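Each of the next two complexes has chain A plus one other chain: chain B in the first, chain C in the second.
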Partner chain A sequence: MENFYKRWFKILVIPAVILFFVVIIIPFIMGITYSFTAWRGSYFKGSENWWGALVGVTNYIKVFRSEKFLSALVFTVKFTVVAVIMKNIASLGMAMMVKKVSAGKGFFRTVFFFPNLLGGLAMGFVWSFIFQNIFSLVLFGGESAIKIPFLCDMLQDPNKAIFAMALMATWQSAGYMLLIYLNGLNNIPDDLYEAASIDGATPWQKFKNITLPMLMPAFTIVFFLTLSQSFKMLDENLALTSGNFGTRMLSLQILLSTRENIPANYGMAQAQAIIFFILIAVISVAQVTVTKRKEIEA
Partner chain B sequence: MRAKYIGIAAAIGLTAITVSGCGEREKDYDVYFFNGKSEIAESLESVADEYEAETGKKVKVFTVGTSESSETLRSEIKSKDYPTVFASNAIGIEEWKSAGFAMDASEVQNPQLKALYESIPDSMKLEFEGKGNYGIPYNIEGYGLIANKKMLAEILETDDIDQFKQDYKAASYTEFQNMIESLDSYIKNGSGKDFTLNGQTYHIRSGKTAYTESLTGVLAIAGAEKWTYGNHYGNFPISAVYSTIYDVRESGPEKADSLKEPIVKSLKELEFATNYAAGADGPIGRGAQFINSTATGYDQAIQMLAEKKAIFMKNGNWIYSNVQKISEETAKNLIMLPVKVSFDENDVTADGMTPEKMNRSIPEFVSQYYVINAKATAEERNDAEDFVYWLNTSEKGLDFIINDFAFVPFNADENTQLDNPLSNDLIEYKVADDLLANPFDAAPASWGLESYGKYVMEELFVQKENWSDKQLNEIAEKCIKDWKSGMEEW
Partner chain C sequence: MKKSMGTKKKASQIMLFAVLGIIAVYTVFPIYFLFVNSFKSQKEIVASPMAFPKSWNLTYLKSAAEQIDLGPSLFNTLVITVVAVTVIVLVSAVTAWLMVRNKTKASQALFLIFTAAMLIPFQSVMYPLVNLMEMLGLKNTGGLIVMYCGFGLSMTVFLYHGFMKSVPISLEEAALIDGANIFQVFFKVVFPLVKPITVTTIITNAMWIWNDYLLPFLIIGNNDKKTLTLSLYYAKSLSGQYGNPWELIFPAVLICAVPILVIFIFLQKNIIEGIAAGAVKG
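Right, the complex of A and B next:
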């Protein structure tokens, strides 16, 4: 069997390569090209063909001068920082908890995983109800005995909204990340902990010196996943705040920018998408390199 | 060896799937209509059946919900199975004209249809840069201050609502404010001061009745829906300065500076209105809850009007069917009144417009047009022309438009009678020429929602206290700045 795959590798891979070219590579190259033109979606402004409508880097200059784009970029970065931290702490905490319980391990795993099955839009609408009515009127405001202004009307302030959105995103994806961490925890040999106990290590020392370093491979994966997930978040942003109150993230900004001019300025939207791609590529590459190095050290 | 063949076969098969769909095939329809209004999607299927039964020509209808519509049309019109008739609004035509898809009336082959194109009043023609005639209007829509006339009759103890309507139309802004305040006092205390409209005194009943006891506020306001103020209140200052959508597109940026005072005044009107907003269980003040989508969403606001919790609601004739679903009785009692803004001579600078006319007029506009695809083959265009002509002129077609679509036909006159009383009112305003054009349609694409509406929601509606002049001036300046930067894209 091994031989079969080796011998026919090139032929077997053709369909995937063709698909990849047709669906990803060609549109990507066209996208880069169009970002330098006055593309209006159904036509090129001032010309019949794209090469006649080339406008150089005008679209990119417009993007960097656009207040909306810049504020979306800043907001996305802030949100990503908060969300990555919250998701990692929550999923690692839950993973350690699930590992400790003796009975009903499968039950907890399933329950924590549930939110992952919900679509982003549906979940956003559910949570907007929770934030607007349950949090603001029942639990932490209105007639409630406990008054916590920070948790009221969270969607009407960009800073509070970061935490509202991160809370929802954590609730959704922590169950998935938990599985990865749980797998990592299960791969740590028990002898290490036993040896540490004999040496008189405290639980915190054990966590810091054994669990964390041994978890680096799992952490690499989770960190990478949560980072790109948060950076690219769209559905939840749309359903929860529609980008109101300065909570527009980059994906939503790209989506909405084709509706903010008539005829739609697709060239400029495309330029934003290219910048967006470069940002994600840079972050991913840098982050993979850094965590890989850590892994080796560990 | 077998494995080799399986591998190759799989590769070829997958490749074939990837590139399939590029083959030639016969179209199984004669007319393909890309519709832009989801409300009539179902009725259009019956139109297609009827048309096929009558003429033997098959019509394919495709509808996409409003906000995704232009994206879908963009890709659909470039595909092999392009629509032969499609929908465009007044400002979207720039794209379809520039891309070469919009057919001008001069290219119409069917002489009767050509005559229909030419019969469209100038103010409703689908033009690009003031030239051409590219579409047949779907219908006329309009918005204003919608009231429950039975409620008014009950509170004012009068049977002559027509007289009230005439007096209201002529009333000054101060008289309007006094009326709202008296009505508010009635709702809160069961009594209110007499007020005048156009000099006529109106008396307020003392004590609640079975019909009025559910009232919680004077106006139902959809605070969570930016479009209800962004797109509607935002139009009043524009109408005060610009006469038509072409005026908006052709004037220089400096003209936008005249928008400032009118914008401030329209915001003041919003402040006044939101002081008297009805809620589900009592008056709902401004503040965080005022923009809560489960408290002041569009459906919630309509429900408050339908369930007699509010006397008025600012919105359009399209709310009729939603009200009807909740209360048949309220729906048939709806009347349309003009929205009043305290504009004076200095604010109203648009050609042919005066503060008095603005005070008694409502905005009416064509939301969509039927446009024939200029890039379709001659035969397809012929079929498309016949279909558009049939739909807009034949007895059966008009019956669909009036009774099934519940549209106000663009050529409606005083003899047109519709089920929707709000639509009948639109015709009445049209016949009396008490109309504001909708230059708003030409404003920078996101101005209503992402400037005016956004500032109102994020900075004003959430604020319990009164709005300061400084705040309003700043917002007006931001709106004008956004307007000018939007103009750079034209």
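Right, the complex of A and C next:
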């Protein structure tokens, strides 16, 4: 029996391994190597092959001196903090309400989930109209009775744009995260709450001492997903602001970096891509380790 | 006492319902908005963006369909999505199943590499990947499918791996004793048992590939093999030098969203349950 599976494992695992190596592992290793060379995309400057074009850490030094890269890094971090907080509060709040409501649970779940299926680029165009025309001219500015300057012309100011982009990103993904939180809430045994009620616990105490600790596994997943989603966001950034007015995020910076210098410096773009990978790997691993530890304590 | 508890509960239910209702309206608002503005002229869109159109005029949808080459774009996107998702699901399911059944060092190491690769963002491999694909003569639709398969594997294998553990090996053994071969065991015994996670992986992969912009942009560019999202991007950026051509953008976005809308309406129950199942295991 074991031999049977072993024999077939060796044969049937081949397609996956080939695909995986061609598409991810080989380009990844090429990418690390090329980031230390004078790579120009289709050729290496001054050499036939990459080892003749090695330039050491020059590309990395250039990246850390590049104002565009540093400002994209700062903006990405700011956006990620705001977006992760907004997505988590919105989805947890909605999940708690959907759990409590006595009718229409399925309907609300479905409606909230729907934006998830639509494309970030396509809906980004629609949202850019909403921010420019509806928010700025109809609802909160122009001839409207309610005037909220913060909600007008949000896409033309880097600080307001963070919230505009986070608002759209939350609209898109809250319904998905809600499903994960809802599942976590459904796994909390009711007798915990009943026992707490008998002991006279307030709703806040119940939330803090029962709901939150019991939700830690769901929180680990949602935190992981929202963090990497927000840090890597590209389509919404492109559709809403095209990275103008100091709103360029790292994904867009890596993409545009090869289009802004002539001749295009792919070596330098690749160095940014490697830094991007290291940031994501470190943040994700740190986050999972920390929240997992909390899970065990709880 | 009992009665006042009842009314209090009722009041809080009404409150909950109202708040959720408001959030629901907010959620569908952009979609309503997309719909009504797909039938208006540029002037009408800017003048009365929230209202119903004066007439349900199909001119703008027709001209948007032309500008995004609806026929070929839709066909390309459909072929890419269907082929890539089929390959991802079959290859991942088989791989994950055999990984679970083989507790060897090699199989565990492979699973670890697959899982760790989820941390590699697309941006950090895209330039060398395009380079490699060009060398292999795969800078075309076929290559695009290969790349989607490669990128979809990690996550999908991971999801199946979690699920395959709950498939009882005794069923497989019984089938083998009855003379079934490995493919019969897989398709008749294992695959039906993991259906919930298959639904999840089909949906998440299909949505991602259908809506993806960056990979087709890098591989296909502006030629007649464009996908829907890519056509939308070029239609907007090429006609947008003088402000945004909303009378083109709204109907074009609507056209791109309609296939998803239709599928969602028919399969919503499966989709929501599938996503919830996958999210918990993942």
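In the analysis below, the second predicted complex is superposed on the first by the 284 of 298 C-alpha atoms of A that agree within 3 Å, B and C clash if a C-alpha of one lies under 4 Å from a C-alpha of the other, contacts with A are read in each partner's own complex, and residues count from 1 in each chain.
FYI, a contact is a pair of C-beta atoms (placed from the backbone, for glycine too) under 8 Å apart; a residue touches a chain by one contact, two chains touch by 3 or more.
Since the model is a prediction, treat every value here as computed from it, not as a measurement.
Participant: Given the touch rule stated above, what does A:Asp153 touch, chain B (first), chain C (second), both, or neither?
Facilitator: Touch status of A:Asp153: first partner only.
Participant: Taking the superposition as given, does A:Leu167 touch the first partner, chain B, the second, chain C, both, or neither?
Facilitator: Neither partner.
Participant: Examine A:Thr258 and indicate which partner it touches, taking first as chain B and second as chain C; both and neither are also allowed.
Facilitator: Once the two structures are laid over each other on A, A:Thr258 reaches both partners.
Participant: Contact-wise, after the overlay, does A:Leu12 reach chain B, chain C, both or neither (first, second, both, neither)?
Facilitator: Both partners, chain B and chain C.
Participant: Regarding the shared-chain residue A:Met233, is it in contact with chain B (first), chain C (second), both, or neither?
Facilitator: neither
Participant: One more residue to check, A:Val22. First (chain B), second (chain C), both or neither?
Facilitator: The answer is both, since A:Val22 touches chain B and chain C.
Participant: For chain A, which side has the bigger count of touched residues, chain B or chain C?
Facilitator: Higher number of touched chain A residues: C.
Participant: Is A:Gln270 in contact with chain B, with chain C, with both, or with neither (first, second, both, neither)?
Facilitator: In the superposition, A:Gln270 contacts chain C only.
Participant: Which partner does A:Arg40 reach: the first (chain B), the second (chain C), both, or neither?
Facilitator: The answer is first: A:Arg40 touches chain B but not chain C.
Participant: Looking at A:Phe245 after the superposition, I want to know if it touches chain B, chain C, both of them or none. Which is it: first, second, both, neither?
Facilitator: Only chain B; A:Phe245 stays clear of chain C.
Participant: Residues of chain A that sit at the chain B interface in one complex and at the chain C interface in the other, please.
Facilitator: Touching chain B in the first complex and chain C in the second, residues 4, 8, 12, 15, 19, 22, 41-42, 128-129, 133, 258 of chain A appear in both lists.
Participant: Using the touch definition from the top, list the residues of chain A that touch chain B in their complex.
Facilitator: The touching residues are 4, 8, 11-12, 14-15, 18-19, 22, 40-43, 45, 128-129, 132-133, 136-137, 152-153, 156, 244-246, 256, 258-265.
Participant: Flag every residue of chain A that touches chain C in the complex, lowest number first.
Facilitator: It is residues 1-2, 4-6, 8-9, 12-13, 15-17, 19-20, 22-28, 30-31, 34, 41-42, 94, 97-98, 100-104, 106, 108-123, 125-130, 133-134, 138, 171, 175-176, 179-180, 182-183, 221, 228, 232, 234-235, 238, 250-251, 254-255, 258, 266, 269-270, 273-274, 276-277, 280-281, 284-285 of chain A that touch chain C.
Participant: Please name which positions on chain C make contact with chain A in the complex.
Facilitator: 13, 16-17, 19-20, 23-24, 26-28, 30-31, 33-34, 37, 46, 49-50, 91-92, 94-95, 98-99, 101-102, 104, 107, 110, 113-114, 117, 119-129, 131-132, 136, 146-147, 149-151, 153-154, 157, 173, 176, 182, 207, 210-211, 213-214, 229, 232-233, 236, 244, 246, 249-250, 253, 256-257, 260, 264, 268-269, 271-272, 275-276, 279-280, 282
Participant: Please name which positions on chain B make contact with chain A in the complex.
Facilitator: 3-4, 7-8, 10-11, 13-15, 18, 67, 70-71, 74, 77-78, 91-92, 94-96, 98-101, 226, 288-289, 291-294, 444-446, 450, 454, 457-458, 462, 486, 489
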